[in-house]
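Read from first to last, the chains carry the letters A, B, C, D, E, F, G and H; within each, the first residue is number 1.
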Amino acid sequence: MELIVYLAGQIHDDWRDQVKAKAKEKNLPLTFVGPQTEHDLSDDIGENILGEQPGKFYKDDAASAVNNLRTQVLLEKSDVVIALFGEKYKQWNTAMDASAAITMNKPTIIVRPEELIHPLKELSNKANITVETVDQALEVLAYIYK
Amino acid sequence: MELIVYLAGQIHDDWRDQVKAKAKEKNLPLTFVGPQTEHDLSDDIGENILGEQPGKFYKDDAASAVNNLRTQVLLEKSDVVIALFGEKYKQWNTAMDASAAITMNKPTIIVRPEELIHPLKELSNKANITVETVDQALEVLAYIYK
Amino acid sequence: MELIVYLAGQIHDDWRDQVKAKAKEKNLPLTFVGPQTEHDLSDDIGENILGEQPGKFYKDDAASAVNNLRTQVLLEKSDVVIALFGEKYKQWNTAMDASAAITMNKPTIIVRPEELIHPLKELSNKANITVETVDQALEVLAYIYK
Amino acid sequence: MELIVYLAGQIHDDWRDQVKAKAKEKNLPLTFVGPQTEHDLSDDIGENILGEQPGKFYKDDAASAVNNLRTQVLLEKSDVVIALFGEKYKQWNTAMDASAAITMNKPTIIVRPEELIHPLKELSNKANITVETVDQALEVLAYIYK
Amino acid sequence: MELIVYLAGQIHDDWRDQVKAKAKEKNLPLTFVGPQTEHDLSDDIGENILGEQPGKFYKDDAASAVNNLRTQVLLEKSDVVIALFGEKYKQWNTAMDASAAITMNKPTIIVRPEELIHPLKELSNKANITVETVDQALEVLAYIYK
Amino acid sequence: MELIVYLAGQIHDDWRDQVKAKAKEKNLPLTFVGPQTEHDLSDDIGENILGEQPGKFYKDDAASAVNNLRTQVLLEKSDVVIALFGEKYKQWNTAMDASAAITMNKPTIIVRPEELIHPLKELSNKANITVETVDQALEVLAYIYK
Amino acid sequence: MELIVYLAGQIHDDWRDQVKAKAKEKNLPLTFVGPQTEHDLSDDIGENILGEQPGKFYKDDAASAVNNLRTQVLLEKSDVVIALFGEKYKQWNTAMDASAAITMNKPTIIVRPEELIHPLKELSNKANITVETVDQALEVLAYIYK
Amino acid sequence: MELIVYLAGQIHDDWRDQVKAKAKEKNLPLTFVGPQTEHDLSDDIGENILGEQPGKFYKDDAASAVNNLRTQVLLEKSDVVIALFGEKYKQWNTAMDASAAITMNKPTIIVRPEELIHPLKELSNKANITVETVDQALEVLAYIYK
């Protein structure tokens, strides 16, 4: 049984590639999807498509319209969501995607370092499970196939 | 027509009282609900009810279970949601509540300062409207009655 | 049993007042809601609240955000929808509201002149019933109480 | 990941063929569906199946019953919707399909010329994104695969 | 706790008045709603509102549009449904209303004479309970208040 | 695009085989499902599995539990429903299946002879379209592929 | 804001009266509903209404049909669910009601003694919170009003 | 037509292997899924992934978080549910899974020995059918293909 996994979280390093590599090592039949990970493209996609906007707010709103359409398509297709939080960045998109997934009854795994226990406590409690590393998140997914 | 408004956001100052006072001035038939605003109580409610927990994570998880039940009851009863973001705190609960509300098709107004345009751009784009002050949020609600 | 009726349609004449007066004459326990009928206010509400926008598109998008929030709140509260089409104006909002209402399983009555049979045929067929005058629409509602 | 795209809009020229050709050029794994594009067939299908009807209204109602069944089947199967508006025709079906899609949480792209900003402002605001050309709409879809 | 009860079934005798009288005797806080019980009005309401139709099928279709709108409004408001089957008439409306109610998760009681066990067996099995008299149906409702 | 079609209706003649043969002639990529068509098996399946029951009602209830499970599985998988009514039999199962399908937003075609216009008028009005022959129903389905 | 609370659990002692008394002491605006607590009536209600059944299974099935209708009506009306587990009885109804409530997105509190941690662990984890006494459950509800 | 069947129930013997073997004998195109059947792994999986927990309750809660995620993924994918009850163990998970499945409109078969008629009567009445052996459950599934 193949499953589709949405990887919510920051797009500033290659954590998704690590997840994919580890899933391959474990031979898990998982397809991973997620937000645009080329950061500049993610910021510029609105103006790339619609042309120059009259200011920062309008540029950002145009980009986020395209980003949100992408997420809506891919999240709807997903069977499970992994949402990674780290110590940098605001990460409100991660919280937004995790909360949308939970509200849509998508099983959701949160990954966050120990330092973030307190500010994430309500979201952690709503998610199915909270772990500290992507390895642990993959162990949770591997358990579905055991 | 009376409406119930959930006020999501930080609980470190009295912004909800300001909202309520302004709604009263405008004679808007609104009932406001929201999270527990006594910060210590919000952090301690789990241990208050369940007794001492074996560590920080467990204390926080117990508190958030009670906080989440409260929010689930009150959000379900609400007709509109106002979610306030500011420059302090992680505010992942605010993002979580706003995203849950949007996914449940609750009309949602985001209030955030100009400085937060970029990190909130996707959530702003998903919400019905984003404004910069609670006065503006109340003007949006007042418009329903005009 | 009181019912709430959403009156979708153009806001350029006083047809909603006529509907309300006729419902009162018939002593029907109906509460009517609908879009903002002050046309200038409906066009300007975005800039009224958010301040001047950098162009026509942005002014319109800001106004429509507020108008859509209003409609979403009031349509959700409604038990029945009357959607009036006439020979003037594009009336895509009317089609949008009627289609949203039908998709939400709200019983929907379309009012349109004979001249519009052909371009409205698919929407008419999806609605519960199509009539030619608001008097007929009110007769349909009166029938619920007979 | 293959996606199904419903192409809502007028059926008087070959814009859908252009969309399909461009998607093929870009090697996007998209399947396009949409309403009946043979205009006469779309108007006559009711009488073709049910026999002659007693007048224009009845002929149109019969045709739209078949057209609506087709749309309901194909829209339900779709992952994304593109709704094209132009300067000719009433295009209430396009508004109806776009609004139904949005209400069903189908990600929706509106394509419309600059001249139609004002009358489409509420629908544009409810859709995920509004662009001016089908090329732009395809760039939005291409972004899902980047 | 007041409950609204939809009384589905034939409209050729006064069984609904009996149900209401018995509920009153038992002091049950129930409000009863149901289809139009004036048979001629139910058949003629389409032409009454829309004017003469070009034949029997069209007259019936017009009437049923109004009847269905009424049922859709009232069924949506109901907490419980009683569906009465007897030995006369086709009673497909009764089966339609009971099946719609069950699919909408409305608790549903079927009343039918012993002779109809076999042809109603699948619908009986889907309903919450099947009884033989309206007295028994009211005992079921009375049990909610015990 | 392959579609699954549920064929609701009586099980006393081979009308489903005719539908399948005609769909094959037209090369329509349709898979047909439906209720158990071996009439005795349909009546006896409860006792076949559960053993002898203490009377007619209990035998019928046991059989209908198995029949309803089958229908629930197959109807959920279906994209379109054809419901055939004829002049013989009570056919409450057909009305039940059609009404359940419509309430589940499954596009539904009713096939009935002219004689049944009046007693089926409300169900016909709720369905997408009503025709008089299975050939016409297949023409409706063929239209999806044109 | 008044809330309705469904009290799921065994019906062999007066724990519901204790809950109601304590809620009154605390002046909480709660209305409590729940299953039939007269045990004999709960077992006999099927035969009371339908007459003698041909054996234990049939008697029980008849009673449970009436009990389930009651629960379905009252659970649908409820805003919160408290499910009490103790050391005696099978209590599958309690697990059934709690699981149905959770699946319907009703906030749910489980009350169980320490001895039952292990066998209830999955249900506890799905519920909003698990406590050991009804006093604690009421403290959770009281927190909504603080 | 392939179907996915979730096998809810105790994990202390090999009843699932028997079900699979019998389905294979009958050549039924069924895929079976279910909870983790290695009992120790099921109890320890929380600590295996998250590390040692501060006590029995916390160990169990961690394990159940992983078990519940697995069940949520697999139940969502399933077309039918078989829930087996026996005379040993509390089996609240079985009741929880069966009730969740029924609430999600998954067709559900309960298997239980005669001795458990009384304590399971409400759950049996809500399920599609209750049988006494897994052979009977498979006969029910085989009937879908006849």
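Heads up, the rule we're going with is that a contact is a pair of C-beta atoms (placed from the backbone, for glycine too) under 8 Å apart; a residue touches a chain by one contact, two chains touch by 3 or more.
All values reported here derive from a predicted model rather than from experimental measurement.
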Practice task
Return the chains common to the contact lists of chain C and chain F.
Solution key: D, E
Fill in the blank from the handout: Interface copy of B-C among F-G, B-G or A-C, with over half of contact pairs matching by residue number, is B-G
Completion exercise
Between A-C and B-G, more C-beta pairs in contact link B-G
Practice task
Please compute the C-alpha centroid of chain E, do the same for chain G, then give the distance between them in whole Å.
Solution key: 31
Handout entry: Chain centre separation in whole Å, for chain H relative to chain G (CA means)
Key = 23
Completion exercise
Averaging C-alpha coordinates per chain, one finds the centres of chain D and chain H separated by a number of Å equal to 44
Practice task
Between chain C and chain H, tell me the centre distance in angstrom, where each centre is the average of that chain's C-alpha atoms.
Solution key: 49
Handout entry: Residue numbers of chain H (touch at least two other chains)
Key = 65, 68
Exercise for the section: All pairs of touching chains, please: list them by chain label. Expected result: A-B, A-C, A-D, A-H, B-C, B-G, B-H, C-D, C-E, D-E, D-F, E-F, E-G, F-G, F-H, G-H
Fill in the blank from the handout: The residues of chain A that touch chain D in their complex are 4, 31, 33, 36, 38, 41, 45, 48-50, 62, 65-66, 68-70, 72-74, 76-77
Exercise for the section: Please give the residue numbers of chain G that touch chain F in the complex, ascending. Expected result: 54-55, 58
Handout entry: chain G residues within the chain H interface of the complex
Key = 56-57, 60-61, 63-65, 67-68, 71, 85, 89-93, 95-100, 102-104, 114, 116-126
Fill in the blank from the handout: Given the complex, residues on chain F that touch chain D span 1, 3, 79-80, 105, 107, 109, 128-129, 131, 136, 139-140, 143-144, 146
